[in-house]
Amino acid sequence: MTRRNKNDYFNVPGDAPRPVSASVTRRCQFSEVDALAIAWHGRYASFFEEAATELGHKCGLTYEAMREAGVTAPVVQLHIDYYRPLRLNERFTIHASVIWSEGAKLNTQFLITGEDGACACTGYTVQMFVETATGEVCIFPPPLLTAFHDKWLAGIYD
Amino acid sequence: MTRRNKNDYFNVPGDAPRPVSASVTRRCQFSEVDALAIAWHGRYASFFEEAATELGHKCGLTYEAMREAGVTAPVVQLHIDYYRPLRLNERFTIHASVIWSEGAKLNTQFLITGEDGACACTGYTVQMFVETATGEVCIFPPPLLTAFHDKWLAGIYD
Amino acid sequence: MTRRNKNDYFNVPGDAPRPVSASVTRRCQFSEVDALAIAWHGRYASFFEEAATELGHKCGLTYEAMREAGVTAPVVQLHIDYYRPLRLNERFTIHASVIWSEGAKLNTQFLITGEDGACACTGYTVQMFVETATGEVCIFPPPLLTAFHDKWLAGIYD
Amino acid sequence: MTRRNKNDYFNVPGDAPRPVSASVTRRCQFSEVDALAIAWHGRYASFFEEAATELGHKCGLTYEAMREAGVTAPVVQLHIDYYRPLRLNERFTIHASVIWSEGAKLNTQFLITGEDGACACTGYTVQMFVETATGEVCIFPPPLLTAFHDKWLAGIYD
């Protein structure tokens, strides 16, 4: 239960391509805070997803692209470390970074920084790929993931 | 990132008192499912909290009791492993168990079982205690936590 | 903008069959309250839906039944009058009643009563029926609505 | 139950100052859609609130300003008319306009336009003012509302 360093949730080989990142900046809404006027801890999954959606647009891994490819990418693991609260109306930034992996999965790291620029939260998600038609977990990366990997290795995102 | 066994998120000494548990059974609502008609992964934090609230009533650690005691118990870590989806209208059960710890914190494990009784999800939360007046993290267990520990050690929950 | 009487959102002929009702009782969760520790006003749509879902089970108008019948029933109007707040952990009851209408729509009235039995909120929804295949609004009641109307007129729900 | 014209939820005298408006544009998130991949109808209250918050900043009626002034402004009525669905990832705009009223209340109208610029939804909220200390409804406009009215009448927002 010891906290990890903020940026090493995933182990990657030294020669792996660097993470691909996207971020979203917005205010903490009234509908998102709890009785203490801070963002309710369960809200962070939607914060993560907002930045992950931007990242998906960048990587060709949108909901629409996956549906057309006949796959879904369910989250099989979610982890969040909370460092300091986000206050009502505070302007914060959610950073999402997909971390290199050769397998048929998506490892994404998250960092939320508050209005002061300090780290408010870190976390990660792991997603598997599933064939929509059969419900079977993909053993090998599906073509749209391979296409993303190829671009990534080619340095398109550097 | 390997998955842990479903019931060993926390290490406890062999002579620690057994977990105290509570559970809630209910249906997966339309407002809780995503475009695939399964519970959206970010919803599980509220599922966990529903069972944790029941557990808090059992242990004397309700929101009201904490407010009167001048402390809050923010979640500092949330972890969720998803095993199989919860479908719209599926009847599922959320089990919450507080795991023994001597420190000024609450370690809670969660298990969600589907209509078929199979494990759909496991996870945990870690909560610290904070003095409301000063905003300082409690180094030692606050009195209402000690009171719970005393009852627990006395076998009240066996 | 004057408030209506609590039970006359819809006009019905004097010889119409009486409303069919269902209700749900539960606590106000921590994840549902706002910075004032009362249920956030935007949450009430999900409160309404919980009772409407129970009502749908009673009337044969579940999500599954509609999907099999090739129709959906989108909400085209939602109205909520708030009388007094629901507090964190308060036990409240949501009453949903479908009000007679001959047309291809569902008119549902809602009443929320607090722990003290007093009226905390009233409201209503109007739902149209849409053919899933064509996206066209149904002009005449689809068969599964007619089947419900027939049972209703036959006195099954009295 | 007939639908009103889209812009006349409130009656105002002919010589009333014009509405003060604010808007927010953003995408429909995955966490916001239902099993039909469209924004769940209960989500619109939070859409309205996002634009109302911007409007509050413009008018000096923020949550913080009200707390300092010792008042709250609970929503006592919410009404929503849905015209066409908002799809997953669709970019939409929420327009909020406060409508002139001399009383101790806030009447706000809403319009949501889809990516195509067409009207997707209209609605309104009515808010009363309550003295935080006593819990009493304000009969007369509290000072921070009067201050806003004075600026409004002076043409500051034209």
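Order of writing sets the labels: A, B, C and D. Residues in every chain begin at 1.
Everything that follows uses one rule, which is that contacts are C-beta pairs under 8 Å (C-beta built on N, C-alpha and C of every residue); 3 or more make two chains touch, one makes a residue touch a chain.
Keep in mind it's a predicted model, so treat the numbers as computed, not measured.
Two chain pairs are in question, A-B and B-C; the one with more C-beta pairs in contact is A-B. Taking each chain's centre as the mean of its CA atoms, A is the chain most distant from subunit C.
If each chain is reduced to the centroid of its CA atoms, subunit B and subunit C end up 32 Å from each other.
Centroids built from CA atoms put subunit B at 24 Å from subunit A.
Contact with two or more other chains is made by residues 30-31, 35-36, 42, 45-46, 49, 63, 88 of subunit C.
Subunit D contributes residues 27, 29-31, 45-46, 49-50, 53, 62-64, 88-89 to its touches with subunit A in the complex. Residue ranges on subunit C touching subunit D, taken from their complex, read 1, 3, 9-11, 35-36, 41-42, 44-46, 48-49, 63, 72, 74-83, 85, 107, 126. Looking at the complex, you find that subunit B touches subunit D at residues 30-31, 33-37, 40, 42, 88.
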